[in-house]
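Common to both upcoming complexes is chain A, partnered first by chain B, then by chain C.
And then the complex of A and B:
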């Protein structure tokens, strides 16, 4: 570890203790939003400070950290957060999903299946799944207390009435352990099934909104839907132009100034490893 | 002289928390905690929980048999926790087997179920004694935890506590340097 004027993992011990207590309660009440103090971090709120505080409270010297932003290890937010923890905690980092013990993520769950012993840390912009439907936090707290989720079902029904299908493509609401409706953070609905009975621990941190929540391993996480309109995760009907994958989540990119579009895997580690194994489009 | 606490306060607290995170995420899993220097009769695992999680924001209730003057002085010095006489006011309650104040502990509110007590319950041993069948979040199917020295009435109290969900008390069982968690979501059956 480099000589640094900071405590291990940046946060002071009192702050870590408060986050740690909140995380244990969050695991005991899956999907329930637990308030926490949310400190200032050396980057602006909205850039992943909730996830960083969770990672800082959880991480130890022996951890191996992976950070992804929309599936990519090499974008600014991911590189900056990885460098931050290299500097303040001296931990080893990786881009390989199966090598990581902690994976901090913005808006994706890796394609490589997670395993026991791994902890996913999500950067959450808006922890309240009902926020577009009910602006008052006092009221949404009451709705969660009463498990009164009628307004969410009405919203999904109105989607079907207007558009013929549920139009949510990301941050698609889920019911956790049959009790709390939870925002899975803006992961694509494609990733929602990966949360259901996952072998890993999933921790969610919303720094600006000062809320933490969690999903333990082997917990039911069901995407909301109707019997006659079952949940259908959306994915581009195409193959990755680099590795040829048709089963991974794809990003659409412009490749010239004439508007030509191609698709590539959003998960850069998954795509690189497939190509290393000789898979190509 | 006052017992020392964790040898390495930052990294031992992190290791203790990670073990407790794993224990809470996988109820019934027995984890080992770092061993702090502890005044008797507080077992090392209970002491590690106190050092890792308790501070001035968490009122602590101590069972009469744990509340020896050295333990009170140690807890005040290392954690700065207020030691309360009313178990209902405690964030963390440390209890020995018999006469744990089960029904007096805070169970949180419907809107803030996280404002409930965590009961740290001293037992004799893991891996022997009464078999508890556990199911719920964190457990694939069912798992069995064997615990010796559970107080009478524990399983029936846990059933009432389970029925309060999402309110409820979370339990951490401790013996020696080991701990196992029974969060409120875990269904517990004997046999």
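And then the complex of A and C:
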């Protein structure tokens, strides 16, 4: 018996191998959902465990881990997941995007451009992009197998009929490698273009739904739209009150009890780096 | 009419365990023809129609279809991707219950537009325009385009289902008791509409019905089914006015009695 109560990165080697095998399959068929035997993970209630299982399966001793929740490194969830992997894997952690080799995320892709060799790990609540349109699992599998994606556009058609434009702002469906329609997880549509031909590896884990999927480097990821209503990633038409950025994804906050609203960068690391470089507003 | 059938069904059988729901049925459907399949409840009409469409797999026999896209194909052995492509682009199925053929939680416009989108249309304005044209053609107020079909009457739902089927300009339309669940006055209006659209579009149609009045109004030819078998086939007027088989005679007389 070893002295530590856990194997490296908590999951046993056999489990990690099974997850990695599923991930390799997912990388070989970009955007295709691969079933896997999801395990229980401790902590992170309300976060979901799919992303953590993927991180546990791919992390090595030399990795440097960054964890973001919304865009922030300092939420309770982000901090406790970072602490968890420090404890069970003894890896270094960071808040800096460019230093990280693995970035476990929920809700955002960092503003700092990703580089080759980096791995993004997404926590996914609902991996099936067709789930609201087609309740039967057997039928959605068939629709994916035959690339019958007409119903995907029904949702967008109705959005335009109702609002005059596509208002879908999160988990905006994409076509991967010209083949599979994929849910990019609840990232803002603003982040979708960052997936397109990204040099990084993107791994998606849905624990409850027991599905993994992936986008390998340099893969086409195209947001669905109509010819006369092209995809337009939405962001607030404002500047960050801290760093002055106008090209980053902004969170709206209340700054007093009279309802005064301001905007700040959702990506806290990016905002801090800009301020450190003297780009304050 | 051209010199080859659009659809040739030969010795088709569908068994459910020991029951031969369809038992050695053969017939041709010619381009532009409306064929009615009549018979009392349980005689195998719906099963035959569903087998032709590929909703269920026949036990034996052949179904040859002359496709625009693939030429002549044997549907009983056609792979699923191609069969579904044909269903999306060349065929339509009108269900007896419009709820089986509509997405009730999506708008009328989306229901009509979905078929266009499934066939590859990606221009919102064109899809919208075609949905409007088709709502009008089936006599649904264009102002209802963004309403949910569950707010529609039964007759409107059925007309919406027909718009959804016809919007892609199918070559072959299969209808299962299209006026089945409706009030008599609503039935008459719907039948009239179907007859007009079928003539305008030159559709090839197989319509299943237990109502000989529907067959009389829509079809040029009739097959009479009894316990899975075709017992009589012929021109509509001949079969209805001068039935030869005792079962057809019974069917016709019961309609006269009604």
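Keep in mind that, in the parts below, the second predicted complex is superposed on the first by the 274 of 281 C-alpha atoms of A that agree within 3 Å, B and C clash if a C-alpha of one lies under 4 Å from a C-alpha of the other, contacts with A are read in each partner's own complex, and residues count from 1 in each chain.
In this text, a contact is a pair of C-beta atoms (placed from the backbone, for glycine too) under 8 Å apart; a residue touches a chain by one contact, two chains touch by 3 or more.
Given the structure is predicted, the values throughout are model-derived calculations rather than measurements.
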Kindly classify A:21 by the partners it touches after superposition: chain B alone (first), chain C alone (second), both, or neither? first
Of the two partner chains, chain B (first) and chain C (second), which one does A:158 touch, if any: first, second, both, or neither? second
With both complexes superposed on chain A, which partner does A:228 reach: first (chain B), second (chain C), both or neither? second
Partner chain in contact with A:201 - chain B first, chain C second, else both or neither: first
Of the two partner chains, chain B (first) and chain C (second), which one does A:29 touch, if any: first, second, both, or neither? first
Check the residue A:150 against both partner chains and state whether it touches chain B (first), chain C (second), both, or neither. second
Is A:115 in contact with chain B, with chain C, with both, or with neither (first, second, both, neither)? neither
Overlap of chain B and chain C contacts on chain A, residues 146
Taking the complex as given, what residues does chain A use to touch chain B? 7-8, 13-14, 16-18, 20-30, 32, 34, 57-61, 119, 141-142, 144-146, 177, 179-180, 197, 201, 216-220
Residues of chain A defined as touching chain C within the complex: 146, 148, 150-151, 153-154, 157-158, 160-162, 226-229
If we count contacts the way the header does, which residues on chain C are in touch with chain A in the complex? 80-81, 84, 88, 103, 106-107, 109-110, 113-115, 117-119, 122-125, 127-128, 145-146
Chain A partner, complex, touching residues on chain B are 9-11, 13-15, 17-18, 20-22, 24-26, 52-55, 57-58, 91, 109-114, 116, 118, 137-140, 165-166, 168, 170, 183-185
